[in-house]
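You will see subunit A twice below: alongside subunit B first, and alongside subunit C after that.
Moving on, here comes the complex of A and B:
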């Protein structure tokens, strides 16, 4: 187990190095740099040169890369080229927003997908089963940006209701904050629930055909109890990875929903940074996403030791 | 139409129902209604994409009437009807929705075709030979999956340039949009090759591979003659599952203004930009492209599900799955 952990953690190094290098190279290849954005109106070549020197953008690429790598290993990502604040401070400001959204969305996914999938499988080919399947097929096919748009337009059109569009932190005003996060969270959550429900349903169908379920029923367990005690926990095992992955993905920001609902989360921060060529900010955001992604996946794999007694890591 | 089969000649009460083509179609519709719906939607989507240049009532790239005319308004100048109204700059919504299907199909189909070829090749090589090639492919895949998807697409498209297309036939559109197609292909190939690699690893343990090797078959022959045919169901399933995702991805990127160049008739594009300012007053501008995306992806997914039920050997015979 320990050696497995060490090996998995050691794998972090090539993944982070690869992701970091990839983003470094891709960003430098993009036309224009932060100076072009900052001094878009200035025609003075002297200004441009000076700013470039200040920001260290006129060094040869290889030198910039080595400097960047040297600092990155100590988690020093420097300051944003635009706001001149440390990029980690910017990230720390945006992260709670994406985290709250991810938490709400993942909770909704679990609350909808698990009971929905269990019911659909337990009553296979019933009206309920068909309804669950058709709804999830529809949600799967509907882009979140359209759903987000409709969620803003329809209530405004029919009831004159618009969700608060200025971000309020949770601790300042929990109610306004929830009013603001619930709708985008639900849209993201229901979108993932469509995938999860289908998976839960097919897992349940498979588990319900197993011998141990027949045994449980044969020894006199009522149907509902056999399902609750024996089928659901086993069917849930592969879904844990799905939920974890979804959470990790959402933590990296959801540009679309954040843009539509005006929430200054990680997704918007990153896209803004890319369009304005704020290299340090993009690099830090991408690396942190990669770090979360790998760590959450490791956590899921470790969780399996407890969830599934058959899983052993050596 | 029941005919008596030869079984009865030897005294067996065997009656085989032979079905004509209509009977077969009817049986499929009854057994897999959602699959049938998927096929109908897919066929509709592909047909519209192919013939849209001939059937659009107005030029989709130009302003042809007053802005934000409600659906059914008759254009006083030409006497033609805007069946789905006009958008924020006076373009005909119906024409744009019809022509937008071309971009979705051109991008979706190209990405899937390239992915099927390249992803299968890479995955088979990695799974069959393992060793260093496998290691490199696996590690690159890991780096790629730890990279935020949208940011990766955004970086590649900004690097290569936002593509612009003036329409025409599907092939020329696909050529115009090659930057976008390339961006989607990278991610798709990594995902696709991973699936193929896994299946190859399992397949090569089979005795028929050992038998082929025993009689002296070369690696190429084993891969092409023995592994590839057995892999095809998985490849087809993964490809249709990917098609819906690529269509959604293109719409999303264009919605963000990062896919096709502004003004190009694309479903994602039509839900963004100036149009967004008027959704509250002119809901039809939002409803038409969004419905088009949903129905298309729904069709592709249902079609994919039916295909999976038929092709996946583990699900063969299982009814009403998924």
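Moving on, here comes the complex of A and C:
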């Protein structure tokens, strides 16, 4: 187990190096750079080169890369080219917002998908099952940006209400915070729940046909108890990976929902940085996502050991 | 002979600055150039619907309350002198406006020649055509490091002006060309002496808005300005902010014009989505929205209909407009016949009706609202650039242009009306045989490709561009939109050096005719209206300072008529 863990952690290095290098190169292949944004308004054209020199953007790509790599290995990602604040400080500020949104969304996904999938499978072909399937298909087919826009506009139109505009940290004012996060969290969560519910249902249907369920019932275990004790834990195993990856994806930011609901999270930070060619910010953000994805996947793999006794890592 | 400068003489009728025009260019929508801080040409408020700000001005202002505004894009720093966010400086100003009081502002309405409004400057004298003596009112900075409530001095302005002369601070060509501002010095603690290299028509315009701010000299480096909480002498001081979410300001008790400002607090929310801004306005979470979010007359009408007499709308003719630009540095656009063909091929009235729902008008180089530029109407230049598709087709054939080739027509994707307008224009061009492919690109790419000479584009769009951009070397980043014609250069230079308003008015006319005769590659098409809405309890917005655009211009007159 320990050697497995070490191997997996060691894999982080090439993954992060690869992701970082890819982003470094791709960003510089895009037309334009931060100087365009910095000097967009009223500068002498001759000063562009000067600013490029100051920011180190005039160096050959290889030199820039070596300089970047040298700093990145010490987790020094430098300052944002636009705000001149450390990029990690910007990321630290945005992260709790995306983390909370991801947490709420994932919780809603689990709360809807697991019971929904179990009930739909347990009552296969009943009205409940059909309702669950139709609703999940509906949410699958509905883009979150559209749902988000409607969720914002319709209450404003009919009731003169929208969630609070100002981001309020959870610890400062939990109620206001929830008022702000619940709607976007629900929209994201229901979108993911649509996939998870269908998956949960099909897993449950498969598990419910297994011999050990039949055995459990034959031994006198009542339906609900058999499902709770034996079917659900087994059906949940593949979904753990889904929930984990969904959480990681949401933590990486959901630009559209963050934009519509005015949440200054990681997604908005990254897209802004990409648009304005704020290289250090994009590189730091992408490396963070890569790191987080790898760690989440590692955690999921380790969880399997506990969820499924048959899984052993050597 | 020394002579006191009257306001009429001082302003000389010229208000729009190149920076203003370029701001508008960056902002995209023509409507974004209505604030005086942008130095845009003046406009008379028109067609106010649903309320009378003038009447409101007669009521006694009530103190207190919080003004809530929104802007679609955050500015990542506090510097008033550095861009760094879309759309351009507009949002920097929104963010820092109120923290600083400039030497003067320029009203957006009122008789030409009486629009200069002295602020921190108590008087301006002009002993000769190249010297300006500016006296400042006594004032103090906000009580925050590094100024810690000390007095504002002329030396602060001297250092600020020197800072503006050096990029990447955005001082505009007046500060950075090396041909306009010769020197600035402190005569005594509150008196400044500016010297220009020669008579300069745009001395006041160049210091309208942010370039006229007086920042504590201790703060004058890029990093400090960007990172440090603003310390100004304006009516509001910084209270709190959450990056990318919100910024709050409170009234500055030490402000020199007591009892102003009337409103206790201001809250500016960064909301990148226009739909969300409108929803917030409907839910009365913000008190006013301007042309940044009210993008069409239909949207304005719907809001008025739904919110009734709780809100007031004001409509103004925009000081800018929508134009095509062809790249003169590339063939076949250097051929005047091809340019004339483009002018004649496009049915601008159709664009006005289809895209702008009739809420726009044809215009030539300057919007009809730009009274300080003596704008000619489209009829004045119709003989050169009037709609005539048959003639357009003939001109294209005569030019020998390769009509089998498809040219890229780049448009900034952020501005939907431009994209739609571009598509209709492309259809018209196709009718006369010129194939184009409309390519919407994000603003950063648009700027990068359209800005610096020689320009990486065939056809693109811009707002109406001011006199600097007519020159072969504009002195700005936006350097590929001129005809590069020595005659044009000479005439622009003459305008820049002509202080007499009447003489300059004739020169404005001359240059607009010259540009029509030469088939300017910046091809003005139409100029629309801008719409602002606010809740009726927001009062005291002076029409002199673009009262509809509550974020722009001077702020200490506003008050809230509610508990």
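What we mean here is this: the second predicted complex is superposed on the first by the 311 of 314 C-alpha atoms of A that agree within 3 Å, B and C clash if a C-alpha of one lies under 4 Å from a C-alpha of the other, contacts with A are read in each partner's own complex, and residues count from 1 in each chain.
Going forward, contacts are C-beta pairs under 8 Å (C-beta built on N, C-alpha and C of every residue); 3 or more make two chains touch, one makes a residue touch a chain.
Fair warning: this is a prediction, and the values are worked out from it, not measured in the lab.
With both structures placed on the common chain, the touch criterion links A:93 to subunit C but leaves subunit B unconnected. Of the two partner chains, neither subunit B nor subunit C is touched by A:173. Touch criterion met: A:261 reaches subunit C, while subunit B stays clear of it.
Of the two partner chains placed by the overlay, subunit B and subunit C both lie in contact with A:149. In the superposed model, A:49 makes contact with neither subunit B nor subunit C.
Look at A:157: by the touch rule set out above, it reaches both subunit B and subunit C. By the touch criterion defined above, A:83 lies against subunit C but remains apart from subunit B after alignment on the C-alpha atoms of chain A.
Contact with subunit B, but none with subunit C, is seen for A:290 once the two complexes are overlaid on the shared chain.
In the superposition on chain A, the residues of subunit A contacted by subunit B and by subunit C overlap at 31, 149, 152-153, 156-157, 259, 275. Here subunit A touches subunit B in the complex through residues 11, 14-16, 18-19, 22-23, 26-27, 29-31, 124-125, 133-134, 137-138, 140-146, 149-150, 152-153, 156-157, 198, 201-202, 205, 249, 252-253, 255-256, 259, 267, 270-271, 274-275, 282, 285-286, 289-290, 293-294, going by the rule given at the top. Listed in rising order, the residues of subunit A touching subunit C in the complex are 31-32, 36-45, 47-48, 50-51, 80, 82-85, 90, 93-94, 149, 152-153, 155-157, 160-162, 164-167, 259-264, 268-269, 272, 275-277.
Residues 34, 139-140, 142-143, 145-151, 154-156, 158-159, 244, 248, 251-252, 255-256, 268, 271-272, 276, 279-280, 283, 286, 289-290, 293-298, 301-302, 320-322 of subunit B are the ones touching subunit A in the complex. Put simply, subunit C touches subunit A in their complex at residues 18-19, 22-23, 26, 70, 74, 76-77, 82-86, 88-89, 167-168, 170-173, 176-177, 222-223, 226-227, 242-246, 267, 269-273, 275-276, 278-280, 282-286, 306, 442-445, 447-449, 451-453, 475-477, 479.
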